[in-house]
Each structure stands twice: as structure tokens, then as C-alpha cells.
Amino acid sequence: MEGFAALYIFMLAAFTGYEVISRVPVILHTPLMSGSNFVHGVVLVGAMVVLGHADPEDPVQLVIGFVAVFLGAANAAGGYVVTERMLAMFKGGNKKEGGA
Amino acid sequence: MEGFAALYIFMLAAFTGYEVISRVPVILHTPLMSGSNFVHGVVLVGAMVVLGHADPEDPVQLVIGFVAVFLGAANAAGGYVVTERMLAMFKGGNKKEGGA
Amino acid sequence: MSVVPDVVKKYQGLGARVVLQKGAGVPAHFPDSVFPEVTFADSAVEVCEQADVVFCVQPPADDTIAAIKPGSLLLGLLQPWTSVERARQLAERQITAFALELLPRISRAQSMDALSSQGAVAGYECALIAADHSPKFFPMLTYAAGTIRPAKVLVIGCGVAGLQAIATARRIGAMVEAYDVRPETREQVESLGAKFVDTGVSAAGTGGYARELTDEEKAKQAERLAKAVAQCDALITTAAIPGKRAPRIITADMVARMKPGAVVVDMAAESGGNVEGTVAGEKVWVGDVLVIGPANIPSRMPVHASEMYAKNLFNFISPFIKDGALALDWDDEVMAGTCLTHAGELRHAGVKQVLGL
Amino acid sequence: MSVVPDVVKKYQGLGARVVLQKGAGVPAHFPDSVFPEVTFADSAVEVCEQADVVFCVQPPADDTIAAIKPGSLLLGLLQPWTSVERARQLAERQITAFALELLPRISRAQSMDALSSQGAVAGYECALIAADHSPKFFPMLTYAAGTIRPAKVLVIGCGVAGLQAIATARRIGAMVEAYDVRPETREQVESLGAKFVDTGVSAAGTGGYARELTDEEKAKQAERLAKAVAQCDALITTAAIPGKRAPRIITADMVARMKPGAVVVDMAAESGGNVEGTVAGEKVWVGDVLVIGPANIPSRMPVHASEMYAKNLFNFISPFIKDGALALDWDDEVMAGTCLTHAGELRHAGVKQVLGL
Amino acid sequence: MANWFIQASYFVVAVVFILGLKAMSSPVTARKGIVWAGYAMVAATVVTFFTPGLGNVGLMVLAIVAGGAVAWWSGKTVKMTDMPQMVAIYNGMGGGAAAAIAALEFARGEIHDPVVATLAVLGALIGSVAFSGSCIAYAKLQGIMKNAFRLPQQNMVNIGLAALTALLGLAIVVSDQPSSTLIVLFFVLALALGAILTSPIGGADMPVVISLLNAFTGLAVGFEGYVLGNPALIVAGIVVGASGTLLTQLMAKAMNRPITNVIFTPISGAAAGGEGEAIEGTMKEFSALDAASVMRYASKVAIVPGYGMAVAGAQHKVWEMAQLLEEAGVEVVFAIHPVAGRMPGHMNVLLAEAGVPYDKIFDLEEINADFPQIDVALVIGANDVVNPVARTDKTSPIYGMPILNVDMAQNVIVVKRGKGAGYSGIENALFYKDNCRMLYGSAQDAIGQVITHVKALES
Amino acid sequence: MANWFIQASYFVVAVVFILGLKAMSSPVTARKGIVWAGYAMVAATVVTFFTPGLGNVGLMVLAIVAGGAVAWWSGKTVKMTDMPQMVAIYNGMGGGAAAAIAALEFARGEIHDPVVATLAVLGALIGSVAFSGSCIAYAKLQGIMKNAFRLPQQNMVNIGLAALTALLGLAIVVSDQPSSTLIVLFFVLALALGAILTSPIGGADMPVVISLLNAFTGLAVGFEGYVLGNPALIVAGIVVGASGTLLTQLMAKAMNRPITNVIFTPISGAAAGGEGEAIEGTMKEFSALDAASVMRYASKVAIVPGYGMAVAGAQHKVWEMAQLLEEAGVEVVFAIHPVAGRMPGHMNVLLAEAGVPYDKIFDLEEINADFPQIDVALVIGANDVVNPVARTDKTSPIYGMPILNVDMAQNVIVVKRGKGAGYSGIENALFYKDNCRMLYGSAQDAIGQVITHVKALES
């Protein structure tokens, strides 16, 4: 990718990330941390690509690649489960009861 | 620029634009409209580039280019002046008086 | 008191001379000394002899009326419905008498409406009387050994006075319920944070007054009310129908079913009483219920009652005083409507009918 | 009333038998019929003859004391500071007398504190008396012909009763100022939305009571107070010093400078009065100022005053009633501190000193 | 100057634009925002002169100076009240510039890639619509074009014309060397489309339309940015496109008019509003957010409570709002009419209950002369007591009753539930005055919302 | 499958991730957010298998299944209270994966461009720190590592080690073919750095640190995304990096601890808190935002007013807050102690003034048995009347006075200005209880802030 395009993407992603969560209530701090933890689990995709291109003859590369994919998969799967469990408590808040 | 990089930039810019102003009070609607009007005055830069690369022999190209630059410059200059005048009313609100 | 020092100044500003009976202001805590530029007369009769416009609070005694110069004005709460004699006497003596009770209840006339201002005084006072005589706290009160629940106050009749009583009782801390035959009062009662007792009877009349109820309606009303009455700790009644005896709403039976120690304040006592057994100007025990029939309530709060009344009178008459001279305008609907007698005639149709003249 | 039906049930729950003088509850609206399982006696004397524990409100008459069985308990507001005779008589007859005035003011004893609960009643009542007797509206009131500004009420002495008076006057709508010698009351006054009058004199004593002031302090206090007094429409005084005559705070001169129509309610009238010229149990006009010295204020609100008092007595004595039998615990600081006489002795050091015994 | 330096500058400019816009969305920092963005714009322009191989510099400078000067001068001298049309026309110029860029690129025959061609055509279309639409908007607001101009079957015409233009655009994209007739025709149709879309829209809806056209210009600029391979243009354009779209929605919502209504069923000019019979003018609605902003930036607010406040039991909320405004430095007073409510002292009782101190409460005689100096009179559930008819109409049942002269305040906001009359049952001329806005809702809710917005303005 | 399809899929995945995060920042939509993101993640993984030229598929599937299963199972079975350490460890794994990617790319010797090399090294460094730091955080929270471990001159060591690691990183960037020793040494130092930075930090600060490490992992992923030329990784990583940074700031602010303090002057473990003399435990502070959230999501709240509420005159605010909570479906009651305040009925007068209806007010006898069923007891300026010492300590001056058993509620929040004692002048054991949090400030302000936050939670 061209350097400047990447720079723009970095910059805009940073703005987006910052703005998107700028009004989060405390009660969501932990779940949101966990949720964004899950999102960077997409590192799994990168790990798959590098492992996929690793030299099948070189055990060092295979081991590192295996570790990368293993860790990435664990990040994604664990992050999902934990976040989902935390957020299950918020089934629409108790808004419906009260009517507000 | 590579197509997908541009797509990412479009997408992220749209998010950024949307989020950045999502909490604007009515009283700023008009000034903000005017301000963003000024910002797209950067079209001037594009107009300059195309005029700069226009065929100096082709009057049609020169005329179109001239019009583009003229309009772009007017957009930028007018947008700035008008916005600045509107926002001059907000010199920090009357916050300082009240303390709040 | 039909004038207070501030208002005297205003009359003088209009060029009028003010004559005052000696010591008339004393019960309202306005000693003669606070009226510096006023002519004092020894008696009401002497005042009348000097005046072109005579202000009074209650209808003057016969000898005083006799002293009023023919053709001059008499202005006050003349109780027009109560006495054929007085009406005749006023007419005969060619007095132009204005009874503020007859004031048309239109927006413009509100600043002259003595019934409203004295009603406000009466409502406030009745609530205080009730609180003062109740053997219970009105407000809720949590103290070291327990909690006292707030008293229940029931207000019947939600005109100007009734609403004021509601507001005052609520302020002191009671839980207030209220009832009136006019349905529009429900919203007014609720706007003061009180609850409306729904009996299913409506008696909306004209001009903001109520009409009289049929017997059947009365029975229905009575039955539903009886329950509310039995539950309350204090009952304040203010129901009235202009030109008529006050409606009898609370029967002896209802009173008998009230809680021991309950208090009844019957503001209508003087015009016949809303409560069976009231005696105007007295406190009577009916079983273990104290029934109070306060008389001449505004005199319990003379300073402000006088101030309000004096301003009402001034607002009524001042448009017709120009440079110290009287100039009545019989086209003015407010003044025409308030007139009881003029030029030897009883002018007010309603009064004529009620008195049978 | 030193018992109410609810409390009677509680005594019976503890196994005690309750004897009541016939008709004793009537003034407080508790007819004999509401006490179903109680033994009635014809007179106070007869009651005393049957009882091991005698409850009273005010100190009993001499013949009643004479009827109390030696060794039994007498409990009530015995006015321990006022009579050497009575103290002697109680001691001689071997009566164990508890005077609730002597109750130590510690946290645990608050639920037995009759002075507090009766103070609350008195404060509330005095504010109502002031409002009722004032010739002015307490609240601000905008009506069709003008606006009435709220009345100014000044409360002197901000103990339990004073604070309650402040709260009640504020509720009715007055602007309230208050004053007390104890500096900590400033915050308490302000916590009720009233303003504190600052005179620069402090008289913090021990145990929540005030000490007596020096002459110089009194002069300073008087001077600053005089101004506040002159400006108010109603003055309520509640200052007291236990075991002493009530401090004389408002002089005749101060009263003379009050506005015409102002009202003074002196809650301390019975113990000597905070105001010069008060007569306990009467309303006197001092110039154009009405000075009221209400007597036996709790009897103005008998239902709740009795309920509170009965609960206080119950909370005091119930820990010592086990299965219908008395078991006093002289190690208990509350009970020991409240004891006036026991086993033939005058036990309370403070009372001894005051009475010169 | 090296190309990378130009690129880096553009990058910084884009960042500053975003930060500037963000700053502009809060009253406290708004002023800074436009100044930052201004510096960035100057930097971008200057840097562009160093673009390798840039020709026609003289002409370029001439165009910049001419365009800039004209706009600068007109922007400086225009009256504050004429601002909206200036925004419109400058915005139109931006759209025009974007369209002109596309035209020039086509003229130069440099566009071959279909993606690039598509975006160029889209940008040209949107830019042209923005240009002609903005010109119409300008003409209307400036009073040059008086009547709303509505074709029969307007919506059909719109759709047909749009389809036709799109078709021509497609033709340009697919043909490798589009003919100049095709290009010219395309631009003509695109311009016509913008004009025809905007013509029927009335003055009241104009701000929304201008905002929409502004978003359009942003998009057009973004697309042309892609055509030129300039990410700064892309970012600035798309950010404005997105924020402008949101802003348009917000504005439409504040006016209670869905955007689609604005475009497809426009209400034109004076026909809007209530029944108003004998009384002239229209009843104009206001949102709680508007009310909050107007009061928050006022220096003196008078609150006039009436029977409706009592019915709603809104006194506590009203006092809370008053306190918030005072904390923000606004002077707030309560004006009580002698017969407000249904009993003497009705308002006193309620305000005392809410804890309003007595020294903030003024009666008619004390305050009536002050109304011309009051920025906002907030009438809460009062009706008869503020009805100017009492001063003027001898036949009215309330004639002769003194009223609170709220109509003389700079702005009047009336809180009530709907078209309900007061005690006397008559129409209120106040509601139709030019300086009066209606905030509909039960007083409790309406003031509650105002409170929320006042708080939001502080944070 | 065509490469463009894979790219397009990644694009969609990135968009969904952003929308998901946005959804997760509001309680109402949070649940949906994670589910969307989950689908996107599955899609991304599946699509990746179709990458042209992908080898080692068997090993890959094995790694995915193994890693996924272990994490899934542990995530499902862990107790709710142990969640934070699970978040930490999963996050660390992500960081490790990023570092491993860099390691593999270096091992393959494919990196030549200095920009790419720089980002690879940065990503590796940050990822490694996140990995080892998260492991330490996990160990601490899980109770494996009990004591805070603090080197002498900790800050110097940190800086030295960081500088050394950076130097090695620089060496890798500049050398075209870095030696494997260099690479290994670099990774070892980076891992050590993470461990040493995290070791001294105490349990209370851990959530902030985990959040910071989470942001780190995001950055690392973003950088490696650049190395791999995968914009989806860049976008997801950087978005998390930015949002994680903001989140870290917010969390630190909510705890009243600047981030720099967390890292450089950590308070470790139990030493924190007030004086607490004879009474055990510490006083734990709470922010208004926390109080608002806890009450907003409670089902029953009991408000216990005391003299402090009277002093602050906060009764109107308190009632406003109560009404807001009720609107949100929370049951709110007022519990009045017989001697709260300074006169009989003190609280009654104030609550009546604020308009609290009588049926919401309960006295000690009515409510005391209910406290264990109450989610939050909010004590406002009361002290003696909720002091459990009255039940237990015979020597205390308040011994024997009945108290409101707020300490038996699930959570207790105490609003007061500072360490001021009550009327009786004694310490309050309640404040040191585990379930008690202090919200410092004058009642009027503190409750005002809570109101603002409760409202924010609704919008």
C-alpha cells in the first residue's frame, strides 16, 4: 500500500475509534474494553496469512507461525465469549420495564 | 491511489465526519454548516492543480480552469469570512461571567 | 377598613378629600396617626354627612344610611340579597349604592373583586383555624419513637376560598382532598397537588358561580361525600351559591360518623352553614367533633384584608374620579352591573328577583 | 395522656396489667371504650393504690402522691426543679420517682426523650398560633390588585421546639429569621432554609443545653436582637435553660418598638417567659402588640402529643419489665440518670443543688 | 519542493480540518475551530503552487485573487440577517468548482479508468446540482426570486430529469473518449436538475436545503479528490459530506420536517402555520433544544408562569431550569401576573413549594416596564395574562385587564400543550407575533427537555 | 475466490467492527454490537482460507481449533468475578500474536523497506510488552502472583530497559538482514520490559493497566497490518488503539488516578485508603458516574437522608434524581431514621418541601428488614443514624440507638463532603465496609452530577 494512503487510514481510524466511544458510561468500561479486545483478535487473519506463507521446511517458522495463529485464535474466541457473557446482562437495560 | 485504500479512506472519513459533529447544539447548526462549507473550499487546491495542468493553448480548458479556480477561491474566502463572523458571537459563550 | 394609608394617598392624588371616622383604623392596626392629611369625623354619621362617596365594609346601620346625602354614592359589601328593608331605604333616599357582591366577574373587573380577595383571606384563615384546632399534627413527622402519619384534610367548595384553603393545608403538610360540584374545579384542585373526590354530580352554573342542585343529585353527592368525610381529620367547607342560603352539604349524621377529635371549619356559617349544627361565630362540640363556624373571617387578618379591600374599592371607583369630581359612566358594564340602587330605583334584576320586588 | 391504646397493647404484651382512670383519655379523644382490656378506676388515687408503676403527665397532686404505694415507681414529667416539697414527699414515701426532664441526652435515650417530643409539638403549635393571630398573611401573595409581601417571623431559641417553629412558619410561607446563643444552631437554622441573626454572643453549655449569660453578653445580645425584633411581624420565643427560670430576652422596650399588629408567642411563658409582660395562659395587648403566653401547649394537640409521650414512657420502662415483673437495672446510665428519688433519697445531684438540698 | 513534502502538508491540512470541524461543534471552541481551519486552507493553497509541472500560474493567481476578493468583500459587508444566502452561494461555488474540475479533466481527455470516470461523473453531477440549486436558494432568500415555482407533476419531472442525466453520465463513463456535445449536454441537464429540484421549496425549509446542498458539494469534492489522486480533497470532502448529511438530518428534525418532505412535498412561503383567523401571522414551533440554546445565550430571561404550569405541576422543573441558567450566567426573574392561575396567590404557592426565593419574584407593576430589555420571555402555561388583545380589542372579554407585556421582549417562547385556549376561551394574538415561538408539550416534559439541553450545552 | 472478493470482505469486516464498537458503547445496543462483530470475525477467518498461495493449512486449522477451543472453554466456564483477568490474558495473546507475526516476517527475511521494517519492529515491541504485561496482570488478578514486586529505582530501570530495547529495534531496522540473535535478544528484552513495567502495579489499578495494554495490542495489530498490507487489520487495530486509549483515560479519570500515576507511582494492594484506625477496611471512593450507573441498573434503591442533606439543601435534587431513576424502572424509596437531622421531623419537612409523596417515605421499623433485598442504599449526608457501631460497640456513645441497617444492602453509596463526623463525633464503621463506596462532595453538587449522568445513560 502506498505510504500516504496508509497514513490517512491510520489517522482516520484513530479519529473514528476515539469518537465512536467518546460517550460511554462507566458501567460499560469493562465490557467495552473486552469488546475491543475481541476486535483486535482479527490479528488471527494476519497470523493465518504469515503461517500460510511460512516455509513448510523450516520448523522455526512453522513454530512461530503456529504460535501466532494459536494466540490469535485464542484472542478472538476468548474475547468473544467473555464479552458476550458480560453484555448478556444488558439485554436492553431494564428500560422496557420502566417505560422512561 | 489503489482502489481499496481509497475505499477505506472514504469509509473512515465518513465515520469521522459523522461522529465529529454528532453532539452539536441547534444554535451552532448554521455556523457549522457554514464552517463545513468553508472546509470543502479546499476544492480550490484541486482546481489549481487542474488549471496548472491545462493546455495553455486551449482556451476552452483555460476558461474552465479559470472558472474552477475562481469558484474554489470564492468558496474558500467567502466561507471563511462568513463563518468567522457568525462565530465571533461565541467568544467562549458568556461562561466566564457566570462561573458555572 | 375600606381605606389604608397608601390608598388614601392615591385618592388625594386624584384630587379627592378623605374623611375618616376617628379610630376606624385601630382594629386593623392603622392608628389615626398614620393618616396624616385626612379629616377626622367623630362618628359614621358625621362622616356620611360630609361625603359624596361613602365607603363601607359591611352594610351601614340604618341611622348611618339616613345620614348619607341624597344623590351621593355608597360603595361596599352591602349584602344585597339579605334585606328588603335596606334596599328600599337606599332607593328611597336616592342613594346610588354599589354592592361589590354584584360585580360582574369579567376579567377586567378582577382587580375590583372584593369577594375574591376576601375569599383568599378566608380560605387561608380557615385552614389555619383547622390546623390550630386539630388535636393532631397536619404534617407527617418521624420522631425518635415512631412516625406520625399526615392528617387528612377535606375541603368542600373549591372557589377562591376553597382553593386557598387547599393550598394552605397542603403547605402545612396535610394530605388534602377536595370536592366541588363544578367539574372544572377538578383540574384546579389537582393543580394544587390535592386529590379530587369524585361524586359524579355536576352543577356548573353561569359566570363562574354554581347552580343549585336537585334533590336526587344532593342525595348522590351526600352518599359519596359521607365516606370522604368519615375518613378525614379536618373538614373545611366553603360552598356557596350567590344570592342563596349556603347549601347544606354535611348532615348531622355525617358529622357523627367522623373520627373522634376531628375538626370542622364551616366558612359558610354566616350564610346558613354547609354543615348541620354549625353556629356562626361559635365552636360547638358535636359528639367528639369540634364544629367551628367562624364569623367575619377577614377581621381575623385585618391588616391585609383591609389593604386588599381598599385597593378593590379604589380600582372600582378611581376611573370615575377626574380632578376631584365624580363622573360616573353608566355605559361601563362593570359599574352598571354592580349598581344596586340609583335614582330611587332598585336597579339590579337578580336582586329584585331574589328579594321579590 | 400517658398511654394510648396501641401502647396499652404493648404493655399487655409484656405481661403487665394496665389500670386507667375513668375518662382520662377523653380530652385527648380516646374515650374509655377504645381501651378494651383495661381495668378502670374512678380516681387518680384509686389508680395509684392498685399500681406498681404510676405514669403521669404532670406531677401528681399531693393526695395522689400520698396514695402511691411505697416502693413503687412514679414516672412522668415531674418538674423536678420547681418544688422542694414534692421532692421531699416523694422521697419520704419511698417512691422511686423518675423525672423525664432529667433524662440524659445520649443517643440511645432519644426514643424516651419526652422533652424533645413535646418540644416538637410545642414548636409546631406556636407557629400556628402566631400565624393564626397575625393580622397579616404569612406567605407572599399576588392577587388581582397587587402583591402582599411575605411576613417576617423571628424565632428565638433554636432547640427542638424552636427548630420546629421555624420549619412550620417557613412552610406556611413566612420569611424566617432565628436566633440562639448556641453557635452550632446557625447551621441547623440554615438547614431549614431560615436566616440566622448574628449577635456575636455564644453560650454553648454542656450536653446540648445552654449556659446562662453574663450581664455584658446579655446587653450586647439585646441590642442586636432589638433591631431584628423591631422588623418582624411575628416573634416566637422558645429559649430555656434547664433548671432555671427562662431567660428574659425581650424587654418591654423591644416590644414597644415592634410594628403595630405584631404578634409575640412566648413558649417559655410558663417557666417565667422570655418576653417582658407575658402572662402564662393569656393573650395581652402591649400597646398595639399582641403578646401570647400559651400554657400547657401539648394539650392543644392531645392526640399526637399523647401518642408521643406514651411511646416515650414505654421506651423508658419496657426494658425493665420482664414477664409482667419489674427488674430495674441501676447500672443503666439512662435509668440511673433520670432517677429523682429512690429508697427515701433524693438521688439527682443537679436537682439537689438547684433546690438547695 | 519535494512531492512528499506537499503530500505531508496535505495530510496535516486534512487533520487540521477535522479538528477544526470538531471544535466548531461546541460553542466554547467554535471560534478557534474556524481559525485553525483557515490557516490550514492558506497552507494548502500556498503549498499547491509548488506542485511539480504546474503551469498557467499567472491566470491562476488572477483567478484566486478575483474570486477570493469578491467573496471576501461580499462576506464582510453583508448584513448578519443575510448570512444564510451567502452561505448558499459560496457553497454553490464550491460545487461549481468541483464540476468544473471534472469538466476540465474530461476536456483534457485524461480519464480512462472506469472507476475514475464513474467518480468524476458522479462528482460532476452532484457538484452541478449543488451549484444551480444553491443559486436558486440564494435568489429566493435574497428576495430576487419571490414565488415558489412549482411544475405540475413536479415529482415526476424530477425523477425523469434525474434519470436522463444519470443515463448521459453512464454514456460518458462507458465511452472512452466522450464527445464534447455529450459532456455539455450532461452538464446542462445536471444544472437544470439542481434548479428544478430547488425551485418549489419555500423559505422556511431553505436552511435544510442549503445544508443538504452543502453535503452534496462535500461529496463532489471528495469524488474529484479521488479523480485527482489527492487524499486531502477526499478526506475534507467526505468528512463534510458525512457531517453535512448528519447536520441536515438534525436541522430537519429540529424543524419537525423529515428531509423527504422538504424535497418532495415542500410547503412554500407564507401559506404555512395555524389558522390565525382575524389575527395575523403564523404560529411558529420551536424545539426544546432551540429554547435551551436561545436562553442559555441570553443575558436576561423572564419566566411567566400560568395556570398550565400549575396543571402540569412543573414548578420544580422550572426552578431547576432557572438555576441552571443562572449558573451559566443568565439573569433569571419570575414575573407573576395578578390573576395568573385560578386563585389569588396560586403562582406564589407553587413557586414557594419549588423553593424559588422571594427576591426573584416580581409582580406586574414591578416588571412590566422592563420587558423591552429582556432577551427571552418564557411563558409557561399562561395564556390570558399575556394576551395583547387585552390592550387593543375593546370587544374582547379580557379588554382592560392589565397584561404582562411579554410581547415586547426580544424573544418570546410559549410552552403549552397545543392549541388550548385559556380561562376566557379566546385566541391569543401573542402566539402569532414574529418574535414568538411555541414549544409544545406538557410543561413538565417540555421544561425537562430544555433542562437536558441546557446541560448538554455546558458539557 | 478472487482477490478482490477477499479484499471486499475485509472491507466489510472493518466496517462492521466499527459499527459493533459503536453499538457496544451504549447499554441499549451493546449486546447487538458484540454479536455483529462476532459474525464479522468468522467471515474474515473463513475468507482468509481462500487467500491465493496459502500453505500449511493443516497446521493452521489445528492452531485455530486448539487456540479457539481452549479460550472458548475457559471463557465459558470462568466465574463472572474472574472476568477481568480473562480479558487480560486474551488481550496478551493478541499482542503475542502480533509480535509473532513480526518475528515470522523477520525470520522469513521478507522485510526490506525501512518504513515497513520500522512498523514491524514497533508492532513487535508493543505486542511483546502487551503480551508479557498482560500475563503479569493475569497472574496478579488470579492470585498466582501475590505481592506487588517493585525494583529499587524502578523508574530508572524501566527507562533504561526501554531505551535498550528501542536501540536493538533500531539495529534491526537498519540492518538489511538482521541476525537471529539480534531478533531473539530484541524479543526477550521487549518481553522483560512488559513484565517489569507491570509488576509493581497494584490490584486496584489493574483495570486501567489492562485497558492500556489492550490499546497497545490494538496498535501492534494495526502496525503488523501495514506490514502485511492488510487494511482490515490496520483499521481494526488502530480503531481499537484509539478507542482503547480514550477508554484508558476515562477509566483512570473515573478512579481519580492520572494514567502516569498508575504507571509511575503505583499504589500497591492493600496499603491504599483512609486512616481507618481501629476499624478495619478502607474507604473507597466512587465517582458520580459510577453512582449513577450502579443505581440506574439496580432494581431497588433506598435513599437515606440525613442532616447533611439538610445542610446542603439538596432535597429538591434528591427527589429529582429519584424520579429519574423511577422513570428508568428503578424502584426508589426513602428511609427515614427517627432522629435523622436535628429536630423531630427534620427530614419530613424537607422531603415535603421537595414534593416527595408520603407513600414513598418509610421509617426505620417499616424498612429495616428490607435492606438485604435492596440493591443500593444511597446515604446522603447521614452518619450516626447508619453507623453499625451502634449495634456492636458497647462503649460507643451511640450504642443501643437503633440504626438503619444500610450495611446489609447489596451496595452502599455515601454522599458526604469529606471525613467530617456526625453529631456524636465518632468514626463510622460503615464507611470501611467492603460494600460501601464514598461519593465525596456537598450533597447538592454530588447529586446534581449523578443526575447528569443518569440522564446521559438514557440518551
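For the reader, a short list of remarks on this structure follows.
As written, the chain order gives the labels A, B, C, D, E and F, with residue 1 at the start of each chain.
Here, contacts are C-beta pairs under 8 Å (C-beta built on N, C-alpha and C of every residue); 3 or more make two chains touch, one makes a residue touch a chain.
Chain labels with UniProt names: A, B, C, D = proton-translocating NAD(P)(+) transhydrogenase; E, F = NAD(P) transhydrogenase subunit beta.
Since the structure is predicted, the reported quantities are computational estimates derived from the model, not experimental observations.
Note on connectivity: the fewest steps through touching chains from subunit E to subunit F is 1.
Between the contact lists of subunit A and subunit C, the overlap consists of E, F. Any chain that touches subunit B and also touches subunit D is listed here: E, F.
The interface with the greater number of C-beta contacts, when C-E is set against D-E, is C-E. Centroid analysis (C-alpha atoms only) places A farthest from subunit C.
Rounded to whole angstrom, the centroid-to-centroid distance between subunit B and subunit E, based on C-alpha atoms, equals 17 Å. Mean C-alpha positions place subunit A and subunit D at a centre distance of 72 Å. One finds 39 Å separating the Cα centroids of subunit B and subunit F.
Multi-chain contact residues, meaning those touching two or more other chains, occur in subunit F at positions 18, 231, 234-235, 338-339, 344-345, 349, 352-353, 355.
Of all residues in subunit A, those touching 2 or more other chains are 1, 5-6, 8-9, 12-13, 15-16, 20, 22-23, listed in ascending order. Taken residue by residue, subunit D touches two or more other chains at 110-111, 116-117, 120, 139, 141, 143-146, 171, 173, 193, whereas all remaining positions touch fewer.
Which chains touch which is summed up as A-B, A-E, A-F, B-E, B-F, C-D, C-E, C-F, D-E, D-F, E-F.
Here subunit B touches subunit A in the complex through residues 1-2, 5-6, 8-9, 12-13, 15-16, 19-20, 22-23, going by the rule given at the top. Within the complex formed with subunit E, the subunit D residues making contact are 139-147, 149-150, 173, 175, 193. Across the complex, subunit F is touched by residues 106-108, 110-111, 116-117, 119-120, 123, 160, 163-164, 167, 171, 187-188, 190-193 of subunit D. Residues of subunit A that touch subunit F in their complex: 1, 3, 6, 9-10, 13-18, 20-56, 58, 60-62, 64-88, 90-100. The residues of subunit E lying in touch with subunit D in their complex are 336-340, 344-345, 347-349, 352, 355, 358, 361, 363, 365.
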